[in-house]
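Got some structures for you, see below.
Across the two complexes that follow, subunit A remains constant while its partner is subunit B and subsequently subunit C.
And now, the complex of A and B:
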């Protein structure tokens, strides 16, 4: 705990450790200033991209040379949290780029959109590096509150408003659960810092209930059974760029902390967590099978992926919770997922900007002939989501199942693997629609072309292949 | 180095295709033909230079790829390619078959030619990679990679029920290969080794029940691919709906990936577990022979008949493999090639007649021999090769397999012999219905015979069938060193066999986390 007597001036380590967050904050300030000073408006996009790129640069330095605990142990700029930070910034950049010209009626409010997205990113960075429950909660709210408004950003559309409201009500409930859980844990152990909790005895019923409440609130954030029911509606109703951000960034942030804090749960709960993971995968994959709307299909697939990642949490509980293996697996999986799902959702956003019916799978029949670029990229992302070799998704899946097998969760691995066969059923259906079905007659195919989207799609596809073919690069640079 | 060229030259060709302008089909076909021909040339050079007496991997290339933590130490996953007596024949077969497949696609692939050739070339990279990979992870990557091209080939250029067939084929095989992935993970984690060469000599330290579990996870994946009997239902649909070129590749090479896997990673890596499971697999193989033959007898569709005959012929290969005797293994290896040649030929011929008449129903044929004598000649030759007439290739393989199986289990050998007879029955029946008798259908009277291109595709394959039939030792000798070494390992495992190999469920972990707390 921070004691007033310890409050001294900022040290240079504090500054170095929080430099990425300072960059993002600077971006937020610039975005606000641009609203007041019209002369600055043309530079708004530059401020957004610039601040995030600067943050990535600082994070990369921290990966190589971590600053360790800063602000009296409230926040840790470890190479792990810095890696998560890079992923959050990438997720924001991807979502933002695909979101350009997406908004029609709301075009006048794009500044708010950028601002909220930066706030959310800042919240994620704070969550991933937080070393006590209070710092984490601040990060969580900084992430969530802007996202509630972002989900409702297309305020002329009832579905968007409904998505925002739904997300808000359930999110507020989850936040309450978290606070209540932390209070109970504090009552049982007398500390809220993770280091303190490591040394404390967590066996008392009070601490157990607290841990369960904390886990439940995080399960909500990462959309895991039985707290995943909001996902399809919110993902479908929200503006697609926001969905992109939610699916990649929020999930990564939730898992980043979930893995840090997993040790508050007793090791004997590993089996239960694995069972929840498997049920989540089953519900997500079976739900996705029957969807005809791409956004909804990807929403269910996002639930399934959350289930897969939860297997890592179970593995980390069953083995030594502080061992690096499972966390590394999760990081690799999420790294691949940010670019894969980012690209997949993003392409939907791009198509949707051309007409709302283009989120229907049906309307993309035979698109492969007319728009080979988009179709090839989307197919690549589908293969990566399905975990096919030569894509990052494959190695992510490989590492995840390695960690569960090592933790002797053989049954969960086998069921999980078989469920990913089900998943291929719908990923292949997308590919099949794009390439193997005849084009619809008399209907307009999406015509949209945008340089920024082409670029970011190219980057995502390249990253997916790079992570699949040259994993050594990521493993050595980020996970050693 | 030659192996890297062999594997990735088709990929280069495929990428080159992407840069050709739309509508330049002649150029695209030329690029594909040139690429596959050069690869075939390399394949032949490799074959000629291969030292069959040695049991070692030859032409090994190795580059570090990435490393993973293992139970103790790290797993060095690397890009490792190499060829030995078990893979050399299949590699050469693949390379030689591909230019012929490209040629055969001249007529029946008339839409989206560029895409088709792209997938064809990509598939060649995948298939050669499977046969050449000497690293567990690399092998798995190529294994899965070879699925995608066939998925597209079946799904875009297939017959009426193609979407159903592709989905079935894909999900079936993926289910098997994902279980195999768990086996790969577990094996590499336990041994700390991803190098196939080391694993072929070094898994003896694993405890027997672990060996058996890993063996089973591999065997199921491969058995689905072969397909061994209870898993065979995807094959008939996939074959029937595939375009001719797809069927030829499927029968010629892709199914061999399953038998190759069983041989290399099942029997080769886990001889002790293979000994335990041998009666089961030998039985499944033998039953597959008979069951496939019965299925084939019941078909009215020529292509489906050939597809079912594949189930029967591959039953022989599996039975021979799990006889675990020298003759059985040699027979299996050569029979893999034989089946590729003779079934490939039959699919090509069925495709040629289908292009002319657009039906595969026996009712619509009869008396074709009088209209298309050259076609009839090739059909009879291929059919006899498939039946196993002495002097042609099929005889050598089947004879060796039956000999080897008889040593291990006279019962299954007898069942296998019955299969040979049934095989003769359905293939001769098929020939009679198709070729002989009077021409009853008016449309058949004006059929033109095979042209030079079609004959050109057939001739090399028929010559190979004859060559293997007359001088089998030139091919068998290439495999001798590796197979002898394998037999030595199997015999060693047989001697140390305690009979106590059982399936144990993994023990629950002793809660290490609790202990540390």
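And now, the complex of A and C:
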């Protein structure tokens, strides 16, 4: 409980536990300062990349040597939250690198784009490690509000403004649900800290309604049925680098906290959650089958992946006998997903920035012959999203389904595996379009080679293969 | 005369219901924003009522009021960004209605 007597000076553990967030904050300040003089502008990119790399370095130290609860239990720098933090920083770096030279009409204020992206990353880190609902709420808003503006960043385009507004209206409503839910839980129990809620009895009707509202708002953030309908529109209308960031980072942050607070839902709701997960997977996969727009196709696929991850939440509620099993499965799945989806959305951004006529699936025709490197990477990402063996996506799915099986949710895992097979249909369609279909008539876009984008594509592809072939490395290093 | 905690909770519940109904029924974006503000204030009122329910004279429970302060702050932030987005929409479409959001889709 917050009490004036508890508030003493900052300790060195506090600083060690929040060092990654301090790095990102420093990056925000430096990037802002770099705008005061034209001569300093190139330093902005340096501040962005430098602060995130420093944050990753500190997070890696925390993975090996966690600082535990800091700031009087408001935030916990566990090795789990530090692993999530690494993923958020990677997501931001991937999205940012693909976004360079993406904005042509808005080139004058790209600085705002970078700043907002850093703020959003900071919010994710705060969410993943929060140990009470207040810290989580501040993190959630620090994540969301910059993303509303980022979605509408191309404000000369109606599609972008519309995506931003839709995301804002629904996001603000979800925040309202979360707040009213937390208020009801607080009125029932008198505490907002996760530890306090863990010990309190959550059986009263007030607390149950509150828990349901909190769950609903989190379901919105991670785009799960029945709160998934905004995803295709927002993903389609937002600038593609922002979509990249949303698809990877936001989802990871939402699940990081959802897994932490899953206990507020009664164990008997595991079956319901599993049913929601299966419906989400079905809607995502079947929706993706009929899309002709590449960004919408990926958006439906993102919904399907959120459904798969929700199975993990159901498994942890149903009581997987290995207590850390579901969370580890989610972390592995999300680690593979950040690099796979980050690479896939990022390559779409790259092709768009090069002036390819996008973003219809049709426009990928003949790309395999024209730009084999990009096409090969995109094919690899598609295979990993589809859960093809030897890719990170496959092992992620394997861990998720096996943790669901251990929790005795056999029917959910069986339907999940079947739906993953359906998903291969549209992922293979993308690969087919890339390599097999003849190129349409018409002029070609000039090809621009960019070292940074090539590099990050290579890193993503390498990570996808590495996670698929050598899972031991990640499991030992991050999940013990 | 003092207000009972239950009365506060019921009032907050009504505020939430009005806000949620407004959010789903109204098409004007400004009214939708106002409805969201009502929901946030319903949460604030519940936090204050909760604090009163769980406080004693010796040990005040301040979690609720602290949460409410954060909510007020964030409500201002959201209103600023939301109104900016509505202005951006008005410049494109000369309308602030949800029905004018038509440019996305397959």
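In this section, the second predicted complex is superposed on the first by the 469 of 480 C-alpha atoms of A that agree within 3 Å, B and C clash if a C-alpha of one lies under 4 Å from a C-alpha of the other, contacts with A are read in each partner's own complex, and residues count from 1 in each chain.
By our rule, a residue touches a chain if its C-beta (ideal position, glycine included) is under 8 Å from a C-beta of that chain, and two chains touch if they have at least 3 such contacts.
None of these values were measured; they are calculated from a predicted model.
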Subunit B and subunit C placed together on subunit A: clash or fit? fit
Discussion item. Looking at A:137, would you say it contacts subunit B, subunit C, both, or neither? Reply first, second, both or neither.
Written reply: second
So, A:428: does it touch subunit B (first), subunit C (second), both, or neither?
first
Let me test your reading of the model: by the given contact rule, A:471 touches which partner, first (subunit B), second (subunit C), both or neither?
first
Superposed angle subunit B/subunit A/subunit C, CA centres, nearest 10 degrees, is 140
| query | Regarding the shared-chain residue A:390, is it in contact with subunit B (first), subunit C (second), both, or neither? | reply | first
Between subunit B (first) and subunit C (second), which does A:293 come into contact with in this model arrangement: first, second, both, or neither?
second
Exercise for the section: Could you look at A:163 and tell me whether it touches subunit B, subunit C, both or neither (first, second, both, neither)? Expected result: second
**Request:** Tell me which partner A:401 touches in the superposition: subunit B (first), subunit C (second), both or neither.
**Result:** first
>> Taking the superposition on A as described, I'd like to know which of subunit B and subunit C A:237 touches: first, second, both or neither.
In response: second
*asked:* One more residue to check, A:152. First (subunit B), second (subunit C), both or neither?
replied: second
Overlay on A puts the nearest Cα atoms of subunit B and subunit C apart, in Å, by 24
Subunit A contact set shared between subunit B and subunit C covers none
The answer for subunit A against subunit B in the complex is residues 267-268, 317-321, 325, 369, 383, 388-390, 394, 398-399, 401-402, 405-408, 410, 413-414, 417-418, 420-421, 424-425, 428, 432, 435-436, 470-472, 475-476
The subunit C residues in contact with subunit A across the complex are 9, 12, 16, 19, 23, 29, 32-33, 36, 39-40, 42-44, 46-47, 49-50, 53-54, 59, 61-64, 66-67, 70-71, 74, 77-78, 81-82, 84-86, 88-89, 92-93, 98, 101-106
The residues of subunit A that touch subunit C in their complex are 1-3, 133-134, 137-138, 141, 145, 148-149, 152, 155, 158-159, 161-166, 168-169, 172-173, 175-177, 179-180, 182-184, 186-188, 190-193, 206, 232-233, 236-237, 291-293, 296
Given the complex, residues on subunit B that touch subunit A span 64-69, 71, 112, 137, 140-145, 148, 151-152, 155-156, 162-163, 166-167, 170-171, 174-175, 178-179, 181-182, 185-186, 189, 506, 508-509, 511-514, 516-517
